[in-house]
Amino acid sequence: MNGKRRPLLSVDEVTGVWAIIPTPATGDASCWHNESSVDLAETARIIEEMIAAGVDGILSLGTLGECGSLSWAEKEAFISTVVETAARRVPIFVGTTTLSTRESVRQTRIACELGADGTMVGPPMWNKPDVGTAVQYFRDLSDAVPEMAICVYANPYVFKFDFPPSFWAQVADIPQVVMAKPASAASYLRDQKASRGQIRLLPIDADYYAAARLDPETAVAFWSSSASCGPAPAIALRGLVAEAKQTGDWSAALELHNRIGNAILPIICYGDFNEFQMHNIALEKGRMNAAGWLKAGPNRPPHHVVPERIAEFGRLGGEAWAVLQKEYE
Amino acid sequence: MNGKRRPLLSVDEVTGVWAIIPTPATGDASCWHNESSVDLAETARIIEEMIAAGVDGILSLGTLGECGSLSWAEKEAFISTVVETAARRVPIFVGTTTLSTRESVRQTRIACELGADGTMVGPPMWNKPDVGTAVQYFRDLSDAVPEMAICVYANPYVFKFDFPPSFWAQVADIPQVVMAKPASAASYLRDQKASRGQIRLLPIDADYYAAARLDPETAVAFWSSSASCGPAPAIALRGLVAEAKQTGDWSAALELHNRIGNAILPIICYGDFNEFQMHNIALEKGRMNAAGWLKAGPNRPPHHVVPERIAEFGRLGGEAWAVLQKEYE
Amino acid sequence: MNGKRRPLLSVDEVTGVWAIIPTPATGDASCWHNESSVDLAETARIIEEMIAAGVDGILSLGTLGECGSLSWAEKEAFISTVVETAARRVPIFVGTTTLSTRESVRQTRIACELGADGTMVGPPMWNKPDVGTAVQYFRDLSDAVPEMAICVYANPYVFKFDFPPSFWAQVADIPQVVMAKPASAASYLRDQKASRGQIRLLPIDADYYAAARLDPETAVAFWSSSASCGPAPAIALRGLVAEAKQTGDWSAALELHNRIGNAILPIICYGDFNEFQMHNIALEKGRMNAAGWLKAGPNRPPHHVVPERIAEFGRLGGEAWAVLQKEYE
Amino acid sequence: MNGKRRPLLSVDEVTGVWAIIPTPATGDASCWHNESSVDLAETARIIEEMIAAGVDGILSLGTLGECGSLSWAEKEAFISTVVETAARRVPIFVGTTTLSTRESVRQTRIACELGADGTMVGPPMWNKPDVGTAVQYFRDLSDAVPEMAICVYANPYVFKFDFPPSFWAQVADIPQVVMAKPASAASYLRDQKASRGQIRLLPIDADYYAAARLDPETAVAFWSSSASCGPAPAIALRGLVAEAKQTGDWSAALELHNRIGNAILPIICYGDFNEFQMHNIALEKGRMNAAGWLKAGPNRPPHHVVPERIAEFGRLGGEAWAVLQKEYE
């Protein structure tokens, strides 16, 4: 992207709604012989709509963004489109998780040159890392591409790593590590303390209320893949929690929190986390397609074999969120 | 490679000792900015020595072969060297495990063009697959590159998949799937039955005696990473088991089995499998370097941070195998 | 116990500090041939001191109370002493977890006749229960002994059960189930919602601050085994959180929260939960003995084999708490 | 039982088919208020029939024998009936697994006085033991009741313990520990080596063929709960394996092995081990009731809530075994 690069994002700049977007797929994206599966027009449209709706940042190329299933050429084209469209109106993070330190360095460097503000990245997942290995990975990456902000993709299932306090304490010293995307707020206070306020921990929208109550001062941002089913409820939640922090009356925030919690039940397989882990791409893309706010398209291989039960959960989840979106938009 | 390609390997052709080799690393291979870390001269030397020692096949670019940590250019150079050196004297399998069906197709196709006989490959590991997803992955791969034999890399920890009988029953119908590399012989009879004799199941050398006793007719091959600490004990085991099947006297085979079992204790962390999973690259390369039969070199990132305890286990394992090698060579 | 029984405890009556006490052991309690291992004098002394210190309720005969290692005669004598000494000044819960519905019924009935107010009990642990089995267990128990309040002992490791929302939703309809003892506040909002406010969920003291921030209205009670190293810090925490709810200034509560968190680090093996699960009796009794506020005595078999590393963690934990106790008493 | 006690069983005496029997339940055994649920007449009949059929030993009061769900009075009555009926014609092992060393000592001592030859027992299961704790438990038990033989109940799910080689190496030195009941033959060679031939390891009938092939000399006994659906197939397997060891022709043994493997598929939930662990009592008793060779009766609480899917698996398993029984009796 032309023009001056935004300086390295600071922790204080990480606030509000961080929408997680899919990588829109063309109709034949499920075939292994497809070589160009990204719907770039829909990609640009999503970015425009997200910014218009008022999101504060964008995360892409994570699990549901099919980081693992895209070719490098596809990722490069997608990143270019996202960055060009956003045109620095909001910070853009792209995923450069790979099986290797050096390949992540390569991809992150190019993403940086293309104009991305940061990478959402987890440690190489072939072998379970120990803490020393995981920390060194983030050190190497930030040494190699110092202009790029890092969002630690703290998913224990994907990365076979439980991201303990000793990990947070060490990566907190890396200036590039400004944020993290854990699954929930269950260890919010513990990890906040371990990272000494130097990393913004973003819970999922469904746990933002919890984080905000646990620590109203530091809990000022959250991630939302639901935003790709329609961003209005997430934007509303941001506002209600901010108001509650002012007034001390949390009842309206709690009510929306509960409605959001109910709306995501189908796509977490009503609590069967094992099943969710196997099918989360199909569940997320399925609900986005059903909600209709964007076109995520079909799943790329190997995750294109979708049991009917899972497809149904996706549809139910999309319909549930569409009701909320209609009400809050 | 020039000249005529060997026809698709059949199950019956998979016999004997299949040595697992490392991807020899240059001295500075642990630095993230290294761009060419493969010691190709040592690679060629290893292949010559393995063939001279009498191994029946070669498996490469698995976990300890640092499939995950190499750049594609490095893998391509390594594959070329291995294939050219072997010159069709023994079948060569190379690893094309990636995060994506399409990337595995791409790499497998090029490996095939370079002259490799097969690929040792596991399903994409980002998300835990269900059986349908894992089976479809192998179907897609064999559809895309039908000339290439497939060795299922049946490692439940790396691939988050337990390779149940229903999986074997389905992939057994894919002609390209001719062999599998499980960790042990614990489910040998079960999986042999499920795959109806259409897949050669190779246990580790330390479990070949067990497999041969469980089913003397089908258990005629095994894998050995220990062979990279010196192949003589594995060659000897092959012979002693063959003799035992003839004579019915298994005592000599059992004695070597027990000695091999003791020799690998240090690098399985004396039974602490959790620790082994985190550090198996360092443990395997460490013992190979200590045994001195080949030069595996340092670990590539992210697995270059090696606790001293692990380094010591590697040294002990290398020394233990060197004693066996000296005796049997 | 003579005199009128307290009516069935209501959810609203469950507030404040619920101290968890050990079952004080005589000097030779580690020998399998000991037949009377309970130090009843120390038992009575502890109850008096706890009540004098201001605790709001007492929980006994859980894991560290060696429910599993005591004979029935010993449990009966202990219960009698506790109940007689407390003399209805605070509610007394005793553990009647067994391997069987019917044995739990038998013990709970006698505990009720002896004057206990409630039982802290988990489902039979031989086989992992499904939700239907776990719920029916609590239904059977409350049908059998309707006068007895029930505290669900929600320990997923001991009981091989993860206590999901569907469990809480169903046991919430049992009037006797008035409280629960989970390990932490990680699922506080989720389980509070599932149980519709009909069960008081007590987090550990080290997570009371978190629960109080998550839901200031319902989080009004917590459990504390640390109280058996000296109850003053728990009493102080109760007060500081109550003040914070009034004033909106949580800083003093947070500071004590952090100090409590640090003080328990040694006995949770600095985060190695696997090790904690194996040795928690030795860790808890060890720190109580080291803190010196009471005499827990030696461990009863089978948990009397204590590695020196574990003994050291216990000593460190006891010393750390003793510092807090001295400051707050 | 009157008359002279059999001397302590030796490893060499543990051979052949060891039938695992249920504790027959009366019609109302599922109610928590039932106080006498054992059908002693059916108990005596089973023992007579098992001995008439030619089994070599009897194991009782394990998981499916509802050791955990019986009152002590019921266990005592059951043990008396079994021992009196057997009248020393075959060795009788009864389960004395409890939550406590001292309670297991108490029960084992009485079982010994009643005339049982041994106890099938696992370490206390409240907390996961470490190796030192598990070994000490068996030492304490054998010190306390030296006349009683011990069969280690090596179930990793029930006892939260994986029974590693270091455990076997240590308990092998206890003269009373003469046998063990693991789930399968997966670690047969490993554990046989660790226990230096001083413990007879009994695999399940469905893995006896595997053990016999792995080590024909030591694999001379197996356990069979299927025998309670009709003992003829297990008796036939004993004979076919013995013949195969003589002739070297294993084909007939393998055929029955495969048929037995197929017949147990329904009650291992077709490989869903998690489900099996939750419902194995219902699955085993259900198939026994369906097979009709004995009357196991209903399940005792807490395991009396049986989902219809599980009941169906039990019926299918009983029918499958009944076919085999009819053919081999």
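For clarity, chains are labelled A, B, C and D in written order, and residue numbers in each chain start from 1.
Note that a contact is a pair of C-beta atoms (placed from the backbone, for glycine too) under 8 Å apart; a residue touches a chain by one contact, two chains touch by 3 or more.
Note that the structure is predicted; figures quoted are calculated from it, not measured.
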Message = Let me check something: if the centre of a chain is the mean of its CA atoms, which chain is farthest from chain B?
response = C
Euclidean distance of C-alpha centroids - chain A vs chain D, Å = 51
Task = Starting from the mean Cα coordinates of chain B and chain D, work out the distance between those two points in Å.
result = 39
Key: In chain C, residues with contacts to at least two other chains   = none
Ask   = So what shape is it, when you link every pair of chains that touch: line, ring, star, complete or other?
value = ring
Inquiry  = Show me, using the given definition of touch, all chain pairs that touch one another.
reply    = A-B, A-C, B-D, C-D
Remark   = Listed in rising order, chain A residues that touch chain B in their complex are 32-35, 63, 67-71, 98-103, 105-106, 123-130, 132-134, 136-137, 140-141, 143-144, 157-158, 274, 277-281, 300-305, 307
Message = Show me the residue ranges of chain D that touch chain B in the complex, using the header's touch definition.
response = 164-166, 186-187, 189-190, 193, 209-210, 213-215, 248, 258, 261, 271
